[in-house]
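Below are two complexes that have subunit A in common, paired first with subunit B and then with subunit C.
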Partner chain A sequence: MYRRALSWLLRQTLRLDVYINKVYPTDWNPLYYTGGLTNLFLLVLVVSGILLLFYYVASLDGAFASVAYLTERVPYGGLFRGIHRYAADAFIVAVLLHLFRNWFTDRYLFSRDGPWISGMFLLILGGFIGVNGYQLVWDQRAQAITAIFVSMLYAIPLAGPPLAQLFLGGVGINDAMLPRILFLHVGLASFLYVLLWWHYVRVRHPKIWPPATWVLATLGGIILLAAVIPVTSGTPAQPGLKVFSYPLDVFFLLPFWLTNWLPAGIVFAALAALGVLGYVIPYVSRESEPAMGVRHSGVAQVIDGNCTGCELCYYDCPYDAIVMVPSPHAGLTKAAANRKLLAAVMDSRCVECGICIGACPFEALELPKFLEADIKQHVAQVVTA
Partner chain B sequence: MLKIIGFICDWAVSTEGLTDGQGRLLAHPSVSIVRIPCSGFIRSDWLEDALRAGVDGAFVTGCPYGDCLNREGNYLMRDRVEQLERRLQRRRVDPQRVAMLAHGLHDRQAFLGDVEAFLRRLAALPAQSAPAARPSAPKVSASREEVPQ
Partner chain C sequence: MGKRSAYLLAVLALSGSSLVLAALILFGESADNYNLGGAALGAILIAYGLIGLFLRKLGITGPRGAERS
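Up next is the complex of A and B:
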């Protein structure tokens, strides 16, 4: 069931590409750059966020007024606020596209679970930071989602009440809260870059930046949107007021919307379950091993006697799975006789793609289940047919 | 009849329903298809060896550029085929006998069109003269002891 659904989703995802590729040259397809676009939006968020930070006052009395001052009095302040908001929306959209595309196109197999797991952390923290951003404005919407968030925390057995106290800086909403939220908003955003290091660490030449056309187009779109539809605050928060309706942001606040019908604890549990399922995805194999066929040809093996230590496979491996080690002994062939280095495949990083085999001019690498001899046999069959 | 071998990345264009039991294209029985894990798996020497063994043409098909499952496989293969073409020219083998294609899962029609164009290109070439033996490295029968340390 899961496998069939995913195969269907794979076909549909790639069908979408067919149409987009009719409009753009294939390597401009924006869906090939969801990760790069996310990175671009994150940088826009950091830069615009630093500008906003200079004017923000993290206190219950001052927050709303400082945001209003920034929006109305500071030259282009409203524009920067709009850029920050719309870039955040674009960020979460790009993240979700990135997640679904890589899920549906199988880009998590074998040792590629590292980028997937770090990506889940990035997604969860990114969403949390987004919600924090809405709280910082401290209008009535912020008041409402803070109340809901605190009730979600309280629903966690045992750890809940202390966590809520940590978050609020005391019992109930008080002046210690907004500095904490500001710290979470900025500190966790900085931490995203640590997670991004993990996200990229096993990836050689990651595509972390979209083509210039898309950088300019998306930046232009965000600035235009910020100018045409300015971002505004709601009514200022009033202590003790119960807020029942507020403008909804579909990109970050959907879980809060669900609390209209479900208790906060259930929504939180559902979110947690979704998160856990997300982490499990790379370990739920889509196909049985035999059904994977040539896609599962075994970890590349170095043929010691033939390796000349030329490093070509090391440069071409897209996953940094090949390391060059000092050669413990000479190779057997003439070309390998005076080698200084020897290639070694790190099993835990290999995704069995075979790119190193194509890179090696010395017949020193093989995929165990798809040998050079098999290729020769295919060729011989074609010649004799 | 021409003898053509085509290596196709398993993630790239689907040949389901396009081939017979032996992997030959139904539309062009002279073309035999071999599915491979990634277009970058192909060593360019294999293409050259195939040509020397008597195959009339060899091509590799990867995913659309930018969409390689391994990010770089098809770009790397494109570069390798370009290098191979220059090498073949030096060795007096017509470089038009090798080709690099890039087609996604659903691009069967475009793929068949490209194969047809490749076939026309091959048909227009003069018959392959018996290729000179590849200048091969002297055979080494050395056991490890004889290798200079």
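Up next is the complex of A and C:
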């Protein structure tokens, strides 16, 4: 059932690609750059965030007034606030598109579990940082979501109350809270770049930046939105007053909206379960006996005499499993006689996919338990039958 | 009207609009109307993005001829 649903989603994803490729040049298809667009939005968030930080006062008395001053009095302050807010929404949309695309196209299995796991951390932390951003404004919405978040923390068995006290800096809402939230907002945002390093480290040729036309168009869209629909604060927070309604941002505050019907603890447990499900997807989706014996083919072996040191396999390997080393001696074939480099396979990284064999025009690589001769024989048998 | 002519016209129209938008940015700045200036800045960036796309569609930018085919 799961595999059938994923196959259907894969077909729809590829159909969408075909349609978009008719409108845009193939190498400008925005769906190929969802990761790069996320990077762009993150950079916009960091730059606009630094500018906002200059004016922000992290205290219960000063936070709302400082945001209001920034929005209404500082030249382009309101625009920068809007850019920060809409770039955050765009960041979540791009991350979700990136996640679904890689899920539907099976780009999360085997050696790609690292990027998937780091990507899940990026999504969860990105969402949490966004919620912190709403708390920093310290209007009545901030007050309401802080109260709900603290209820969620208290619902965690054993660790909940200490975590809530750590978050608040005391038993209730007090002046130590906003500096902590600001630290979480800025500190975790910086930590996202560490996670990005982990996300990219094992990906060969990652597309970390979209084409210029998409940089201009998305940046323009965010600035236009910030100017046309300016971001405003609500009523200042009044600790002690119960807040019953507040404007909802569907990209960050949906779980808080659910607490209208469900206890905060249940919503938190559901979020945690969803997170765990996200982390285990690469491992529960693996088929135990993949078709045609792929993944049981043995680590790719370099046929020393044939390797010319051309580096094609090195560039094509998506798992960074091939390195080029100085050749200790000449190859045996005419093409390999004057080589300077020799390909070497790192066993721990090879997933036995055979891409390097397709990349090599000199028959210098082979999967030991999945030889070309065997494949030809198998194909011949199938055709004859 | 062929596709090339349509793209060319679009590039010309967007270039003209960009001039107007540039003037609006200056006006917004001089009148302290930051939202107007910001909106014009956003719109001009979108126009530049579209110009880039149409130039690519026209074959003026992008991969070499041999790669295009």
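Operating definition for what follows: the second predicted complex is superposed on the first by the 315 of 385 C-alpha atoms of A that agree within 3 Å, B and C clash if a C-alpha of one lies under 4 Å from a C-alpha of the other, contacts with A are read in each partner's own complex, and residues count from 1 in each chain.
Operating definition for what follows: a residue touches a chain if its C-beta (ideal position, glycine included) is under 8 Å from a C-beta of that chain, and two chains touch if they have at least 3 such contacts.
From a predicted model like this one, the values you see are computed outputs, not experimental measurements.
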Subunit B or subunit C, by number of subunit A residues touched: B
Partner chain in contact with A:Gln381 - subunit B first, subunit C second, else both or neither: first
Contacts of A:Leu224 with subunit B and subunit C, given as first, second, both or neither: second
Partner chain(s) touched by A:Leu332 [first = subunit B, second = subunit C, both, neither]: first
Touching partner for A:Cys360 - first (subunit B), second (subunit C), both, neither: first
Which superposed partner A:Thr146 touches (first subunit B, second subunit C, both, neither): neither
First, second, both or neither for A:Leu79, with subunit B first and subunit C second: second
Contacts on subunit A seen with subunit B and repeated with subunit C across the two complexes: 27-28
Touching residues on subunit B, where the partner in the complex is subunit A: 3-5, 10-11, 22, 32, 34-38, 40-46, 49-50, 53-55, 64-67, 69-73, 76-77, 80, 102, 104-107, 137-138, 140, 142-144, 147-149
Residue numbers on subunit A that touch subunit C, as the complex places them: 24-25, 27-28, 75-76, 78-79, 212-217, 219-228, 230
Complex interface listing, subunit C residues touching subunit A: 32, 34-39, 41-50, 52-53, 56-57, 62-63
Partner subunit B, residues of subunit A touching it in the complex: 10-11, 14-15, 17-18, 21, 26-29, 32, 105-107, 203-207, 293-295, 297, 316, 318-319, 329-335, 337-338, 351-355, 357-361, 367, 370, 372, 375-376, 378-383, 385
